[in-house]
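Quick one: the structure is below, and I'll ask about it shortly.
We just call them A, B and C in the order they show up, numbering each chain from 1.
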Amino acid sequence: MEAVRFDNVKFSYEQEDEYAVNGVTLSVAEGEFVAVLGRNGSGKSTLAKLINALLVPTSGKVTVFGMDTSDPKQTFEIRKSAGMVFQNPDNQTVASVVEDDVAFGPENIGVPREEIGKRIDFALDAVGMQAFRQATPSRLSGGQKQRIAIAGVLAIRPKIMILDESTAMLDPRGRREVMEVVRRLNKEQGMTVLLITHFMDEALQADRAVVMHRGEVVMDASPEEVFSRSAELESYNLTLPRAAAICKRLQAAGMPVGNAFTAEELAEEICKSLQKI
Amino acid sequence: MQIVAKNLTYTYNPKSPFASHALQGVDLTIEEGEFFGIIGHTGSGKSTFVQHLNALIRLTGGSLTVGDYDLSQKKCKFIELRGKVGMVFQYPEYQLFADTVEKDVAFGLKNFRKDLTEEERTAAVREALETVGLDFEAIRGKSPFEISGGQKRRVAIAGVIVTKPEVLILDEPAAGLDPLGKQELMELLHRIHGGWCKTVVIVSHDMDEIAENCTRAAVFSEGRVAMEGTPAEIFARSEELFALGLDVPLTAHCAMLLKERGIDVQTNFTCADFADKVLALWKAKGEGTHAQ
Amino acid sequence: MLNDVTFGQYYPAKSFVHNLDPRAKIVFVIAYIVAIFLAKNFYALGALLLVTVFFILLARVPFGRVLRSVKMILFIIVFTAILNLFFYSGESAYEPLVDWWIFTITYESIVNMVFLALRLFLLVLGTSVLTLTTTPVALTDGLESLLTPLKWIRFPVHELALIMSIALRFIPTLTDETNRIVAAQKARGADFETGGLIRRAKSMIPVLVPLLVSAFRRAEDLGDAMDARCYRGSKGRTKYKKLVFSWRDALGVLFFGGVITGIVFMNLYLGAKFDIIGQIASLF
């Protein structure tokens, strides 16, 4: 089933004449893991906010499971099915105790009290933060805070999870923690994931990579394919993952190595190539 | 200015149940002219350490000298020292405050160099803004709140280097930037290192960044220096870094995997060098087989 | 660094008082304050002091910790007491002890001073038992629940409580941020310690402006995050945590009912505050 659909969507912020999103047509299937790449200011965050009706298109149409985001009567249902985690881990929690914060979403949608407890259990288990149920969010690490934010969204039981540069402010350990959780949600629970990021290596974990440039979708393919079109990628001011960059260098010098995107793949390719001789 | 720390200790909230020992005997020397990297987890003491270098945190245990300034002396001229040791905090764009970019950049100058005339000050601000790659005339009158994120960060850095500090310390200077933005920022730092500031110290989580840019680095762990040396020396000990729960650069990871399969790549762990060394291995092997 | 730990007065411990329903505790403190102002003689104040000490023991908070909160407003207590000592204008049954220029000290003014100081002392002592044993979050919940009847007159109780809890939640974040900005501006040569009042106030601008900008940015982010988590006011909202009024709270209510009645009886049978002068005099 189609989870999200963009139909020639344009959006401009009030004070600006240029379109932040300029004629995007895109379809995301249920259960898919899509990474959206692009430089800062390429329109990728605007794209994310258009999905759960935080923003409404200037023209064109966005639908979430068939519901039109520009119809105010649908907004509540849309937000129930499309949850969103934001960039700054400090600016998303409303309560001073973890479990109260996770309860915020279910409370808003009117879940009965006994059921909320179960949902908190489920959500905290899913992000591996059950042990921190009574902790104070401001004392947790960045990665832990973002996992709490994810739990807060999960407790609403959405079908789509949008992560708007949610790893940008984290250290490597925090990024790993969050990516691990996201990957598991997608693989084990069939959650549709939209990951907005500028870390190329994160995109490798997705099924599909969409590249945005000046408000338009300019590439839309598997991450491997996107990264193998390096010249095109560079024209959009994006860089290759480090392993792919090294790989390209080796290939350019005539060494017969296949494409590689991670350290493991690169080691494998170099090994194969050296042993062939 | 040479930086010498000996047995530096520091405790937050001493004599209280919340006491935490941030530094537990740090010995570290940073020579003039280095591009020095400081690595470590959040809470490893690295931020506490760098804040000692310009006396934002006062010395409580051990000794520390920065050039001729002995920070253990009460009569040490701390304000003067801060003019010589510039510090760029994480997300420095969040400290901009003045109504124009020019005034914001001039803030440090007004504090440290009260002797300057209006013209000299304008000239210094111009030079600083141009060094960070901004067009002085175009940006001087703008509000620091209405320029782009990348520009904000450059303005903030200009506001620190404007006094031409001899040592420039940056805490996670590239945090939150996209890959190209990071690359441009590192190029900028090398430009500053070559001209304005003799010594550059960066605190970073990004091992690739350290491997590509630093002349030497130190790994902080639990308030001590756990490793010190050139990136090549440090990343050759990748297993130890993993044991400390830290990352290694992609090149080091790859070299480790190759080593397990009996292929030894002698590299300094920059991407370019790694590729060159792999190619050299390949060529050597190729020639070997041709000779047979 | 550890601002959130020391934030507020809360002293973590497990005790009978800690476990009381915050609503009950708020009501007790109100009753206690009323009792203080009802008290007309030293016996009643003494009794209240005993009650307070009893609760402090019960709460397992070290006395030093409680007295520290009194220390903070010691100045106000001393100041009011001294004013009362010199400018007491009531009638006196005895010769004034000191009568110089505009100052007059009589036996009554001394008694009055002691009485007033004791009252203020008790007031602070009692309320700090509340703040020491109740987390700010629980206090907010308690207030929200107690104010619920005001919903009938369309008073936005839920919104007010949410605002309070968000404010509490952001205090540590903004404190950290303030420290960071102060350090950053110091690194650029800002001087917050010297100069007159105006100069110092001016030197705070480089801290206040970024702090304000950041607070707005955070508020905007939080608004988006709350919208995304389906927030739409109190309409159709359930509540996960419900305060439970238990036997402990009932016991407390009974106890405080007793205290107030006791104070009233003491007032009736043990005389007014100045009787103490006669009583002391009769000892000699």
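A few notes on this one:
Keep in mind that, in the parts below, a contact is a pair of C-beta atoms (placed from the backbone, for glycine too) under 8 Å apart; a residue touches a chain by one contact, two chains touch by 3 or more.
This is a predicted model, so every value here is computed, not measured.
Taking B-C and A-B together, the pair of chains sharing more C-beta contacts is A-B.
The chain with its Cα centre farthest from the Cα centre of chain A is C.
In whole angstrom, the spacing between the mean C-alpha positions of chain B and chain C is 46. Once the centre of each chain is set as its mean CA position, chain A and chain B turn out to be 30 Å apart.
Among the residues of chain C, those in touch with two or more other chains are 5. Listing the residues of chain B that touch chain C in their complex gives 12-13, 18, 20, 51, 54, 56, 79, 82-83, 86-87, 89, 92, 94-98, 107-108, 110-112, 145, 159-160, 163. Contacts from chain B toward chain A in the complex involve residues 41-42, 148-150, 175-181, 183, 205-208, 245, 247, 249-251, 253-254, 257-258, 261, 263, 271-272, 274-275, 278-279, 281-282, 285-286, 288-289. Considering their complex, residues 1-2, 5-6, 177, 180-181, 183-191, 205-207, 209-210, 213-214 of chain C touch chain B.
Interface of chain A with chain B (complex): residues 39-41, 141-142, 168-169, 171-173, 198-200, 237-239, 242-243, 245-246, 249-250, 253, 255, 263-264, 266-267, 270-271, 273-274, 277. Of all residues in chain A, only 49, 52, 54, 76, 79-80, 83-84, 86-88, 90-97, 99-100, 103-113, 116-117, 120, 136-139, 149, 152-153, 156 touch chain C in the complex they form.
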